[in-house]
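What follows is a set of structures for review.
You will see subunit A twice below: alongside subunit B first, and alongside subunit C after that.
Entry: the complex of A and B
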């Protein structure tokens, strides 16, 4: 899969990113989107202890929390990058929050939503080279180096 | 997760830089509540006041290699829109004046805490 690495932080080019909120969106064939947190986010949080997502059926506006994530040194919301309704929550992450550290773009997805204004919302996100360059600027400015615990996905 | 949006939590912190292990958790809980979309205030009084003096919270680090300090915890609270308030009367206890406070902290008088305690859904004391 096409990707780039900046200070060990992996950015997949086929995803859409909210760079300020460190979330990603994958557009699925069935009209839903999958949402997760980025490699940068999991690195900043450190080993994640708990993740709690809002439930299936909950409607959320873009920018509102869809989950909370806790590590030993950080706690915060995962803000929705799109407006829509939650249709599926990743129970594997609920059982083992370290999945967010090990596989932020694959097994560690947080939830799926059925978006209501997808094209409008996607226009506010970055993908491809634009996303990579935005992350390059952010990672450099913030002095971030990504870290990967044992068992993490390899790129 | 139940939708707790709009609930109000007041955290009262009476512990300060002299007892580092009693400083982090109240802030952590406050930020967690904010992340769950609650309205959260931390009220600093008694010894809790001294961590708000410029330059003091930076010195408190429970796990030095983590890069986390009491100051970064306070900043995390501010970033998550947790309201930080300090008891006016307790400033005198530490020979502090308003200009000594870190940015983002507002001063309230003792009667305000009574009003707040009655108006919040829950109060947590530390």
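Entry: the complex of A and C
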């Protein structure tokens, strides 16, 4: 899969990113989108102990919390990169929150939404080389180096 | 709001138990771009128990006991474990614009604990940082901290422990048996400390706050200017007081019963109640670990050791042994041989299996 690595942080080029909120969006064939947190986000949080997503059927505006994650030291929201309704929650992440650390772009997806205004929302997100460059600037500015726990996806 | 602008300082004095939690949440929710960073000092007017955002209050606390003793329980929106809070704690809460704090959490905690440590040191207490986010004195915890992103703000919280009510903390916790509670009580006494315990007295509160603000100004490199809550912040407090009082919010998190009960005394010290099936026999023990070593182990049934009088010797032999299979095996085999003792039907592997269950459960909780 096409990707770039900046200070060990993996950025997949085929995803759409909300760089300020450290979330990603994958557009699915059935019109839904899959949402997760980035490699940068999981590294900043540290080993994640708990993850609690809003339930199926909940409607959320872009920028509003759709989940809360807790590491040993910090609790914070995952903010929705699109507006829509939650149609599926990843129960595996609810059972084992460390999936968010090990596989932020694959098995550690958080939830799926049916977006109401996808093209408008996507226009506010970054993808491909533009996303990589935006992350390069952010990672450099914040002095972030990503860390990967045992069993993490290899890139 | 520039990064070098003055920080608003709000000394909220003594507040209700609800406000001691709702203030910093409210300031975070009300924070707008350009709004000032704030340091809040407050002290709850009465005692209460407080659980972390992802904790199941009913699993952590003896809620019936809390009700009978009129100890309210609040579930906060920050993480961490169960704590007893009372007027003998002075809260320090930072509610900052995210870009005004170090992005890396470890660096953020280093900054946050610096003025706390320097204040303790000013009063003659040899406090030091215990990474990632505690402050210790001679191996005992004196500050616990937490951090969260709430609304548009980043929040960091901590406290000055003026004194600590060990007995009540041990009483409110849900435990598997009274032996576990006794060990927990004793462990709190051994591994937590306070200003009163260290100095014999509680320093003057106004002087403590004055010194902290001065150390804070130096650590952050910005001035602190006294300020007041805005009407919007007060409105948020009202609404959060209602939320934090509701049973629905408190009991929102429900988790299935855990096979082992583990409690953290501080980052290096844990107590666990573990059981293990050795064939058809169930073996059980209460174990306290310190820095990955067995600090204390109490077998639930000494009759499993032949002769039973040697059970205490087996417990003593395991004291200070590293929680590693090889080390445990070496000690157990040497003990059985040297003391002509045995545990019929239970092999050293079974005992090792039981002890390492505690280790696995601990690693699961801390996310490793």
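The definition used in the following text is that the second predicted complex is superposed on the first by the 155 of 155 C-alpha atoms of A that agree within 3 Å, B and C clash if a C-alpha of one lies under 4 Å from a C-alpha of the other, contacts with A are read in each partner's own complex, and residues count from 1 in each chain.
Criterion: contacts are C-beta pairs under 8 Å (C-beta built on N, C-alpha and C of every residue); 3 or more make two chains touch, one makes a residue touch a chain.
Note that the structure is predicted; figures quoted are calculated from it, not measured.
Q: With the two structures overlaid on subunit A, would subunit B and subunit C clash, or do they fit side by side?
A: Once subunit A is superposed (C-alpha atoms), there is a clash between subunit B and subunit C.
Q: What is the contact status of A:54 with respect to subunit B (first) and subunit C (second): first, second, both, or neither?
A: In the superposed model, A:54 contacts subunit B only, not subunit C.
Q: Which partner, subunit B or subunit C, is in contact with more residues of subunit A?
A: Counting contacted residues of subunit A, the larger count belongs to C.
Q: Quick check for you: in the superposed arrangement, does A:44 touch first (subunit B), second (subunit C), both or neither?
A: second
Q: Contacts for A:11 in the overlay, against subunit B (first) and subunit C (second): which applies, first, second, both or neither?
A: A:11 sits against neither subunit B nor subunit C.
Q: Once the shared chain is lined up, is A:75 touching subunit B (first), subunit C (second), both, or neither of them?
A: A:75: touches subunit B and subunit C.
Q: Now for A:64: first (subunit B), second (subunit C), both, or neither, which partner does it touch?
A: The first partner, subunit B, only.
Q: Could you say whether A:98 touches subunit B, subunit C, both of them, or neither, answering first, second, both or neither?
A: second
Q: For subunit C, which of the listed stretches 163-171, 181-189, 235-243 or 325-333 runs into subunit B?
A: Once both complexes are placed on chain A, subunit C clashes with subunit B in 235-243.
Q: Under the contact rule defined above, give the subunit A residues that sit at the interface with subunit B and also at the interface with subunit C.
A: The answer is residues 46, 52, 68, 70, 72-77 of subunit A.
Q: Within their complex, state which residues of subunit B touch subunit A.
A: So the residues of subunit B touching subunit A come out as 1, 3, 28, 31-32, 34-37, 63, 66-68, 76, 80.
Q: Under the definition above, what is the set of subunit A residues touching subunit C in their complex?
A: For this pair, the touching residues of subunit A are 44-50, 52, 68, 70-77, 97-98, 101, 142-144, 149.
Q: So in the complex, which bits of subunit A are touching subunit B?
A: Within the complex, subunit A touches subunit B at residues 46, 52-55, 58, 64-65, 68, 70, 72-77.
Q: Under the definition above, what is the set of subunit C residues touching subunit A in their complex?
A: Against subunit A, subunit C makes touches at 52-54, 77-79, 103-106, 109, 132-133, 146-149, 253, 365-368.
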